[in-house]
Structures are given as structure tokens and as C-alpha cells.
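The two complexes that follow have subunit A in common; it is paired with subunit B in the first and with subunit C in the second.
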Partner chain A sequence: MKKRLTSTIAIAMIFAAFTSCNNSGKTNGQSGALSSNVAEKVYVAPGEYDEFYAFISGGYSGNLTVYGLPSGRMFKEIPVFSQFPTSGYGYSEETKPMLNTSHGFIPWGDSHHPDISQTAGEIDGRFIFINENNTPRIAKIDLKTFETTEIIEVPNSAGNHSSSFVTENTEYVVAGTRFSVPIPQRDMPIKEYKGNFQGALSFISVAPETGNMDIKFQVLMPGFNYDLSHPGRGKSHGWFFFTTYNTEEASTLLEVNASQNDKDFIAAVNWKKIEEYVNNGGGTMMPADYAHNVYDEHTHTATSTMKKEVRVVNPSEVPGAVYFLPTPKSPHGCDVDPSGEYIVGNGKLSANLTVHSFTKMLAAIEGEKFDGEAYGIPILKFEDVLAGSVEQPGLGPLHTEFDGKGNAYTTFFISSEVVKWKLGTWEVIDRKPTYYSVGHLTIPGGNSGKPQGKYMFAMNKITKDRYLPTGPEMEHSAQLYDISGDKMELLLDFPTHGEPHYAAAMRADLIKERSQKIYDLEDNKHPYAAKSDDDTKVVRKGNEVHIYMTTIRSHFSPDNIEGIKLGDKVYFHVTNLEQDFDVPHGFAVLGQNTSELLIMPGQTKTSVWEPTKVGVWPFYCTDFCSALHQEMQGYIRVSAANANTPLIWSMGEDIE
Partner chain B sequence: MTKALNIVTGLFVLLLISCGGKEEKKKEGFSYEKKEATEKVVKKAETIPASKRVDLSNKGIGPITSMALNAEIDQTMVTHGADVFKKMCTACHRTNKKFIGPPPAGIFERRSPEWVMNMILNPDEMVKKDPLAKELLMEFNGSPMANQNLSEEDARAVLEYFRTL
Partner chain C sequence: MKTLKQIFICVFCLLAFAACKNETKDASTNSEVTEAETTANKKTGQAFITDDESTPTVLSIAIGSPDHTTLVAAVQAASLENALVNAGPLMVFAPTNDAFAALPEGTVENLLKPENKDALANILKYHVTPGNYSKDFLKKFKKLGQANNQYVKIDVVDGEPMIGGAKILGSVKAGNGIVHVIDKVLLPPTE
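Up next, the complex of A and B:
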């Protein structure tokens, strides 16, 4: 009886499932996230690939995480501004210089806005740039290797937030200051902020072939907070737009004091004009102190150079280069549509979204429709630059992205939703809730002339009940929506790592094809590389001992080392002789005060060990590399400081 | 007392055995040796290690299906091959003695050139599917032959170098 009842229920459920499938198919997914075709949309079968890469900033993790869309699977965490014991980044001798700054070695950073390099207004997938907010820096990650290869410190900046966005041919990656500060830094009363502090907007040139970064010039702006920025594109290529807040120039209780003015500004900077001025010798070289760290993939080693001066430009020196566009209520996001015509100011405290017109802006400049000036910078008349506004779309607008089909998508932090609206008519088309308190959103190809549509994901600040609880601290949640139809459809929740601020995403094909599988051993120019068994040796220089070591499945060479003494500084220079895809080896020695090394095929990495105890200490491979991984070990003998143990090394001497 | 007796008995037994043994060997030497020899032959067929076995017909599994070695050794190739061998192979191979893997000296007396090429170029599949390579993996304690991503040209040069060993 019971059995029969169960099977009846089962049949009914199967029937119900089929019915719901059919329904959802017919009604274009209106049955919501429970219908099975939603699951199919995000299902990537085992062994198959995602269609898009998403690079999601780690915020206070200081790093960048790599995800696949639509599955929401995390593939990798790329260490950028923070030490990463998993690979030894920032711990190994080769990578420590990457984290050098004018304030010394800094083991942590706050990463915010990744942006992918572009050619002719399209995402090209060569490099990805990301800013460090706290100790202002810009990093470049090479998407061939997914490694951080360059970090440049930004002097005169503080709270490097309106960064790191690239122009349409990656001429510049731009870094604007959030906090204005005394320039140059000096000892002065905080109360004298107003009129004395300045905000630096830095234009960092990117060499077309190598991608090498160099600060071309800094525009020294009035002492406002520069919040976010985006490049002009298409017709507005050559301009850059920055939102400002705290035009009140308050130094205390900004939550009240920076919300006094009805309107703040979007600063429009004609960088082409300033570039020309600078190319003709304009601007002044100002003493400054900033680190430029470059990783060489042939020596597998980073070097840090301290730079001593930077070129600064006062906007008043270049008439017609900078204008202010009044924008209501402390605008946060500053987003430019794919055509380059519309500049959206997301006023945090405003009921409406303000959209400026680039064409009208040019006309207003031409017609000198000014409403005054701030520190010599003309303020354009609000009505003369306004394209339109989206009336009361939600509460607390933050950021806007575009699908390339004439639609814009704006996040609303307070009302926890994404609102889709139409460019030009400003009508709201759809709104969908997010869970909860959304910050940025990303559409693949977002900051470019050609967004790649299909999906949009929202990065939420508050997770609460979305996942199984993990104590008071929860990873932040992202939500993936299908935006291919008129209405947005929520497809998937997936957890992210750290605090994702913004993300850059793009179709996978370009990156996938160029992705490097190994480092060529032949090209390894590391000064301490042991490229074959013949090169392995141990060399003493005073109290420094350099071990030229190799690894291959499944042994280290040498694996028996004697003659180390207390007080020695032992450098393990480990070269991975493998030339096969995805065969890294690890290295750890008992009592190592840094982290392990994870060495990719063909690569050399160095760990310094300063033994504190006499004894025979084991080292081993930390990455399960082969069936004989547990055999991959060795011993190093440490003798007393005054001992006469000879320096000897070997591997496999007693073999057959 | 008991202990002493035990020792004496033990010695006596030993004496008996050793005497008897000697005698037995002498007595049944011929037939016993014959027996042993037959056993040996059988045993040999079973336990000849894969590294010593001769199989010139097996071409292995991989990109190389047929190739011929010229009668004359190409010295330019040998020099290049020796260099590649040093850089890519010496972590696990010594030319004339067993190391992590088997020595390449005299390899062509035991293996076809195709088999050697495929072992270099396609080791992952070889140790999974080729019967000899599978046995070799076990003989060498499960140490896998690493794929060092040699080009066909480099692998061919290494073979030429092996001919000189």
C-alpha cells in the first residue's frame, strides 16, 4: 500500500517536472530559476569549456580571481598585490621585488577594478590591468601566462580608486586619486585642506608591443575626491571622464559634509590635448618617489627600480583641456556607452540617473555655456550637457554597463536590484532583484565599443542567507543573469573570493588559444638555473650557500646535502626540468620561514632558509606530481657554526 | 643439564645433515642438475626483465609508424642529439647504467627505432597501452617516463646519438 502510494507520488512528480519544462520553454523562462532549462543554461558538462572568462577582483584579498561563465566555476587566483603562499609569490626571492614600494615592502593590497587591454575599441585579451587602492599602484597581468608581470606605484595619489581603465587602443591605463592630499606631501594642518590639497589623475602609457608601463603625466586637479572613471570611445576617444564627490572639500565627517552640494561634477579631460602639450615639452618634472617593478619571464625574476621624478600638468596651463559637467548628488560610477555619446553619472544620493551627451558637451564648450569655474576649470551649464535622465529607477545607483544593443543596466545598492533601461528614450524596461546590496555589475566586453552581451553578473556586498552559513564571515555572492532576451533572467548564484569590486570578462577563445603551457627550459636565463643534471652544485660564498637544484618526476638533485652550518643563509634555487603541461613541482624544507615554492615546468624559483637548529632536516615536493611523489624528498644536514663538516652533495650515489 | 643435552643433540643432527647432504649431492648430482636446468629455462622465460628483453618488431604507439636508420651515422645529428640528451634526459638516464630509468646504450639491439621514438614523443600513452612500456614502468618502480616535449627532429637526433653509445 505504502509502496504504491510512493510510486504514485513519483509518477506525479515526474509528470510535474515534464510539465514545468514544457511551460518554461513556451513562456521563455518565466517560470523562474526553478525550471530545469535554467539549470541547463549554466551547466557545462564535465570536460567541456565555459564560453567566457571572468576576471573578478579580490578586493581586500589584493588579488584577482579567474572564473568561467556561465558555470561560475573558479579556475585560479592570480596573486597581484598580496603575498600568496600557495605559489610562493611575494615570498620567493624572484617575486619579492614585485611588492616593493617607496614605503618599503608591502605584503598586502586592496585590488579593485580590472580592465582588459583593447585594440581599436575591442577587447584583445593580451593584458589585464588592476589598481591597488591603498598604496596606489597599477598592475599588469599577462594573459599568456596569467602572471603579474609589472607593477607601477602612482606617486601624488592616495586611495587609487578611479582606476585602472584603458583607452580604446590601450594608449593609456588611467589612475585617478580618490583622496586628495598635499602635493608634494608635506607636514601641514589637516584643517587647511580646502584650497591646498590636490587630486592627481595619472595617465600611464602602455608600450604597444611590450605593454611596458610608464607614467606619462599627471593632471593636478582641485582637491575633490575622484571616484570612478571611464574613457571616451568612438567619437569621444581622446577624452576621459571622472566622477567627483566631496567638491565641498571637507576633511572630516564626509558622510555629512561631502553631501552638502546639490551637484558635484564629472570631470571631462581631453587627454589627447594634454598629451600633445606634454610631447611639446609642456608640464614640469616634479621630484617624486615611486617604485617600478618588472618581472622578466626569461630570468623568472622581478626587478624593482625607484623612480625619482614625475611629469605634472596644471589644467590651467592647457586651456580647453579640462571641463566640469555638473552631476547631481555625489556620483559614483562614471560609465560611457559603446558609441561614446552618453556619459552616465550614477548619483549615489540622487533619485534619478543623469546622462550627459558628448555631442552637447562639445557644443556647450564651443558656445561657452559656462556656469562659473572651479580653480580655473570651466563648469559647463547642466542643462546644456544633459542628454536625459532615467526618472526614479531605484535607490542608490552605483554602476552602469551596456549590452551593445542600445540598453543599459544599472545597479542599485539600496534597493538591491539591477534595472535595465533604454539609451535615448530613458525608459525602464525591466528590473530584477539581487541578493543583496549589489555593487558593480559586469557584461563581457563591458568597457569597450563592442560588448559581448548574453550574460551579466552582479557582484553583491551582502550574502546573508544565500548559502550554507560559514560563521560570521561569508564570501560575497555574485549572481549571473541571462540578458539575451527582453527580460533579464536570474540563472545562478556563485560565491566569490575576497571582496569583488569590479570584474572584466570576455569570450574565452582569444585567451584560450594564446595560453602558455610551459616555460621553455632553453629560454631560462635565471642566473642560478640548473638546466641539466650537470649543472647541479652547491656553492659557498662566505655564509651564503647557493644550492643549484633540479626537480623532475620524482627526485631532487642533489637530494643529500651536508656542510651547512648554523648562521648560514641557504638559497635553494630550484629548477623544474619538466617540459610537460601542468607538471609543477613544489619545494618545502622543515623550518622554512617563508612559504613553499611552486615551480612551473622550465622555471627556476628560490627560497631562502636560515636554519636555526643543528640536525638533519628533510625537504620534499609539496605538489602531488607522480606515483612516486611520496618518494620525492631529500635531506640537508646542518652542523654547528664551528664544525668542520665538508660541503658535499649527491643524488643516487648508491643506486645499483 | 637439559640445555647441554639439547646442544649435543643439535650438533649431532647438524652433523648428520651436512654429511648426508654432501653425500646426496654427489649421488644424485646428474639427475638433480638436469632437473635444475629445465626449471631454469622455464623460469628465465618468465622473469627476463622488460629492459633486457629483445623485441624488434614492436613499433610502439604514437606518431612514428615506420622509420629506417641509415647505415652511416650522421655526426651532425649525433652532436645535436648528445646536447638534447644532456639537457632533457640526464635527470633520469645515464648512458651506460641503470639510473631512474634504463640506460640507452645498445637500445637498438632490443628495440625498434619506432618504439624508441614513440617512447620519447608519446610516453603517457605508451606506459598505459604498450605492453613493454607498461612492464618497464613497473620494473623501474613506477617512475614514469616524462614527456619532455621534444620535437620529432630532436628525438630523431637523440636516437642517432644512442647509436654511438
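Up next, the complex of A and C:
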């Protein structure tokens, strides 16, 4: 008996040993025997480069983060709609105008959907655009310098959410409103929403050479919520598609009231037709109030201009320009496949995914297969535009991307998974869990005629136990999958910053080759630049004191300044004389109530200091720039308001 | 007998676990080896970054100068390339070929021998100051602390700064400092 027990235990133990061995392999790699090569797939050896850039929106951080794929390493956070302590963006005198709006200075925004510029339907890596949802704005980031160089406010909009997607030659970056509002804004009872509020879809032109943005026209649509959008491409180039919800036009308890209709719409907008109408003088200029902020690379300074009117177009003025495609249940993502034929409506409360056909849509328009109209806009018959539907793929579909090989990948928020399905046959090929409650997903080149495939990453809303806990709030998790095979393979889990609503990714080569290393000092046209130590000076204008200062490893010039008085407003205009890659200098003075500065080689940046105490206050370089960084310091003497201390400045007067 | 059996079972179990562990270990060691092999063959460091936008470093200025071929050969012999492209700041006093030629016959050849690498490095470092000052500004100094830990004297003669007796023939601003071309090789004072 005893013997038998022992051997049973022994056998059980042996079994356990082998199974646990197997199990550990499974949990590490999720794919059994070959799990060990998962690590190799994401391993980028020291000194080697990632194959792709990923630009991930920072959501409520207001910024955009730059990652490498497949490593999941974060390279940079680009300040866009928020003040940024790391570089002084939005604090320095030169960059404050970037955050100016018709509502005044806005220090913190909510960034959403980045999209990279395109040429002939392919990602070209020149610019990346991103929308601010709260105080509607569109920003342009130059991918040569990775700096935000332009921000345009979008009037008549509220909750700038179905943005900022570009057409296939970057003719337009498009911004649709999520919240409909009174246009023009006025004091009126909220209850009178229905029939009175409108939703503006803005087409912002992008100048081919400079990328300069200008609102070409706004289409004033019925008072629905315009959730997401994507451009037509290839055969459907010239059209833009927007999902809508709250076609019920509710103004309260939308979680119930906006879910009454069995179907909402995808709005199909023929922008080429409207553009032609506008080019022939169509539309109406209406009074508006919006800021246009442009950063000049030569003066290293942004200017903010208030614009006073915008061209609006009512869809009824341009017959045949706008149609509604019925789409079940409050669709979120509105995604167009690389061929431009299929328009996917991700009905977030629907069990099925609805796919419309562009060809059928044109035929339905031609054949006038209408199912009534909404505010004068024809509603096409659902059956006549439907290409097919993916039956019961998961719960809570949000967003779909494409691999360019005939497959689509859709995120499901409620069932926390990505489902791969086939365009045309609508069959589900694979599904993989995400951790947890996935929002958007990205395939490099995903919003273009030529997706670059290889990887897909899912951006989740909930993290919980994925990483070591960091208190009640965790950075959101993302998962990277290899999509080169039939089945998706989970490779990596990495944290993202803020809330990534969306991301754009592309092969690294185009951007890498063009990336700028320094700003040419000769080309610095900043009015307060000091291009050599001979240009340094201190100038008093009433109670304003302007210090023309230079930095070079490892000193400031001047580094001894006297004659400042309480009540003075001291402008430190600091020019970095370095012309060497990756050698910024920092600037901070004790009691600095604006912010520190970080100045790139060849740049001039300005910080204002209003000293509050008499004394001798040190300033120093905050960026470990050189072997003598700790020596890079100076003093500024602050005297009483009525003192007679002469204004003097110097550097290196008494060398022992 | 029973005990033997138990021992046997235990050993077996242990083996099963160990084998499981070993497998993963082997895999990682293998990849480490290949990694080390591939990186060892490359010349790495800041000196080997391609950058045609930044102002040339003190090293690239010396390499580009036909009057400094001896100095460059010496820097290479002493393996000081990466130090000269460092963030610095570096002020390099660069003796011309003529200055090297003026040394007693055989001195340079002798210093270039592998066994004299340390002595050569010491001399070269005596030509480098952590700093970045114009010729004019150097007149304010009485001495400079050099990278080999010794000081070089500065005298002002006829309104010109003389660095350890050497005259500055010209100066070139570098991305990471400045190069002052001098007419003499500076020899570190012997203790």
C-alpha cells in the first residue's frame, strides 16, 4: 500500500515536472514549442535601429509620443497642445503663441488621432497631423525636426474627434465635430437642440510645398455626433466618410437616448464636388474667430494670428455631394480598405461589423435607391450599399486596419480582442486577446493605399495587472503582434504615455534620412539672437531688461550681471552657439517663475524672470552638456527698486 | 531498496526540472555569443557617426588638414579618436608637420612604436585643454590645465599668447571646441 502510494506520488511528480515545464513555455510566449524566438523578434541589439517609427497619441497629455517597433522603446515626447516642462514649450516667449486660441491661452489639451502625410496614396513621412479634441485644433508636426510647427483652431466645432485624417495627396487634413453646437454660437436653451444645432466638417487645405494649413471650407451638417472618419482612396479618392451617432439628436443621457435608433449613418462627402463649388465662389463667408499659430524655423519664434471669417457650405447648396449610408448602432471607427472599395462601420453596440461597398454606393446614387432623407440629405438604402457583414466577430467593435493582403483587423473593446477577418468573404480567420479593453490598433501605413504590414499593435484602455503596480493609475498598455503569418502572434507588451487614442506608424528609413541634426546659426533670424560673444549685451528699456546671452561648452556669456532691480522684468534671450548634433544647453535661474529652457544648437529661446527678492542669484545650465557642465554657471545681482547699482555685465574678467 | 527507489525517483524528477531549465539557458547563451561576435568586428563610438550637418569635430578638422598628417597618425596610434569627438569642450593645440619634423631625428618614429603608446598618449593629451577659448581670450590666462594632468604656461609676447613657447599660427572653430594650430610640439615637463 505504502509502496503503491509512493510510486503514484512519484509518477504524479514526474508528470507535474514535465507539464509545468511545458506550461512555463506557454505563458511566456503563448505559442508553445517555438516560444523562445518571440524574444528574438522584438530584440533590437544595442546600437541597432528599430525598423518602424510609431507615433502614438498622448490623449489627455495633449502630446504625441514617438516609439520604435518592434522594440517598443519610447524615443521622444513631442509637445503639441500642452506646455512641456522638458523643453519649455508653451512656457518660453517664442512658443507661448502656439497655445493661443480664441478662448485665450490654453495650457493643456487632449490630443487624439495622428495621421502622416501622403503622396499618391502612400505615406511620405513629411508631416504628421494631430487633432485637439477639447478646444478644437489641428496641429502639424514637421518630421524633419520633430517639432510642432503649426496649429490652426477650428471654429464652429466642438469635440474635434473625427479628425485629423489626410486625403491621399494630403490635399486636405479633415476635422469633423463630435458635438454639434449652435452655429454661430449663441445663447439659447439646450432643450432646443434638435433641428437647431449643427455639426461642422472642416476641410483644411495643406499647401503642397510648405504644408501651411488653411480652412478651405466647412460643411454644416445636421446636429449629429460625427465620431471618426477616413478618406476614400484609389477609386474612392475624392470622397470622405464619417461615422455618426446620436442621430436621435439627444442632448441629455446620451448613453440611453443616443442608442434608440436601430441604425445611424456613415456620411459620404464628395469633397471634390464641394471644392469645385467653392473654387467657383460657392459657399458663404461667415464671421468666425479662430487662431492660426505658425512657428518660424528661422526666427525660432511662433506667431499667432486671429482669423475673422470662415467659408461654410450647406449640403443642400451642392446636390449630389453628401449622402447617408445607414450603419447599425452608433458606429465608432470608419475605415476604408487600401483599394478604396470597402468602408467599414464599426458599430460599437452592434454584434456584427457592417461593410459598405463604394461601387454599390455609386450605383445606388445613380439608381436613386433612397430610403428617405435627413435634413435634405438623401439616405441610401441599406441593402443597396451593403457589401457584407462579419457575423458575430466579437463584442464592441471600435476600429479596423488593413494589412494590404486582403485582411482586416478589428478591435473589440468589450471582448478585449483583435479579430482578423477576410475582406470579401467576411470570414473570421483568427482572434487574439488583448490586455485589456482595446481601443484602437495600428498597422504601419494602415491609413493608406499601401499598408506596410509586418506588425500590428493594439492600444488598450485598461492595464490592471500587466505591469508592476504604480498606484491607482497605470500607463495604458499596448501589445505588439506579428501579422506576417496566417495567425497573429503576440510578441510584446509595452506601456504607452497618456491615453493613446490612435497611432500612425511607418517604415523608419524615409524619416531617418531626413532628420535634422542642428539649426544653422548663420540662418538664425531671431531679433534677440547673439551669434557670437561680441553680440552679447544687456539693454534696459524702462523696467524691462533684455539680456542677449550666449552659451557654448562650457560657459554663459555674460555670466556676471549687475544692475537688475526689484520690479524689473528680465528677459533672458539665450542663443546656443553650438553647431554640433545633440548638444542642447539648458538655462535656469533661481526663483524662475516661468520655466527653464532647453535650447537646441543654433536656436535662441527666451525666458522671462521677475525677481521677487534682493540678492545675488545663480543661473546654470540644466543639460549635462560637457565635461565642464558643472562649471557652466553665472550670477545675476538684484538690487532694491530704488538702488543705483549700474547695469554691467561681463564674462571671464578675472582669471587667476 | 525502498530508499534506493526513492532516491532514484528524486534524481529523475530533478533531472526533469533541470533539463527544462537548461534548455532555456543554452538558448540565451548561444544568442549572446553570436551577438558579441557581430559587434566586436565593428569600429564603434562617436568618432564613426556619419554627420555632414554639424560643424566638424576637432578630430575631423585635423584629419582634413594636409599640415597635420603626423599629428593624425599619432592620434590613431594612441587610439585617441573617440576622445577627440567627445562632447568636450576640447581645445586642441595642433602642431604642424613641420613642428614634428623639428624634433630630434627618430623621435616621432620611436613614439609611434606600439610599446611607446602610453608615452605618446601622454604627449598628445598635453596638447588638449578641456575648454573652448579664442586666441585673443587666451591672453587672460596664465596657465592651462591639460588633459594629461599637467599645466602649460601662457605668456603674452608682442600682444600674442604663447602656449608653452609655441605660437598660434591660426585657429579653426570645431563642433566640440576649437583647434589652435601651433608651430612647436609641446613636451610635458618631466618631474
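In this section, the second predicted complex is superposed on the first by the 622 of 656 C-alpha atoms of A that agree within 3 Å, B and C clash if a C-alpha of one lies under 4 Å from a C-alpha of the other, contacts with A are read in each partner's own complex, and residues count from 1 in each chain.
By definition in this document, a residue touches a chain if its C-beta (ideal position, glycine included) is under 8 Å from a C-beta of that chain, and two chains touch if they have at least 3 such contacts.
Everything numeric in this text was worked out from a predicted model, so none of it was measured.
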item: Partner chain(s) touched by A:K531 [first = subunit B, second = subunit C, both, neither]; value: first
item: Which of subunit B and subunit C A:Q516 touches, first, second, both or neither; value: second
item: Touched partner set for A:G281, first subunit B, second subunit C, both or neither; value: neither
item: Contacts of A:T550 with subunit B and subunit C, given as first, second, both or neither; value: first
item: Partner with the higher number of touched subunit A residues, subunit C or subunit B; value: C
item: Partner chain in contact with A:P472 - subunit B first, subunit C second, else both or neither; value: neither
item: First, second, both or neither for A:G47, with subunit B first and subunit C second; value: second
item: Shared subunit A contacts, counted only where both subunit B and subunit C touch the same residue; value: 518, 552-554, 578-580, 583, 626-628, 652, 655-656
item: Subunit B-touching residues of subunit A, taken from the complex the two chains share; value: 518, 521-522, 531-534, 550, 552-555, 557, 577-580, 583, 626-628, 652, 655-656
item: Residue numbers on subunit A that touch subunit C, as the complex places them; value: 3, 6-7, 10, 13-14, 17-18, 20-21, 24, 36, 40, 45-47, 516-518, 552-554, 578-581, 583, 601, 625-628, 652, 655-656
item: Contact footprint of subunit A on subunit B as seen in their complex; value: 86-88, 90-92, 97-100, 141-144, 146-150
item: Interface residues, subunit C side, partner subunit A - complex; value: 2, 5-6, 9, 12-13, 16-17, 19-20, 24, 27, 31, 35, 38-39, 44, 49, 51, 53-55, 57, 86-89, 130-132, 137, 140-142, 175-177
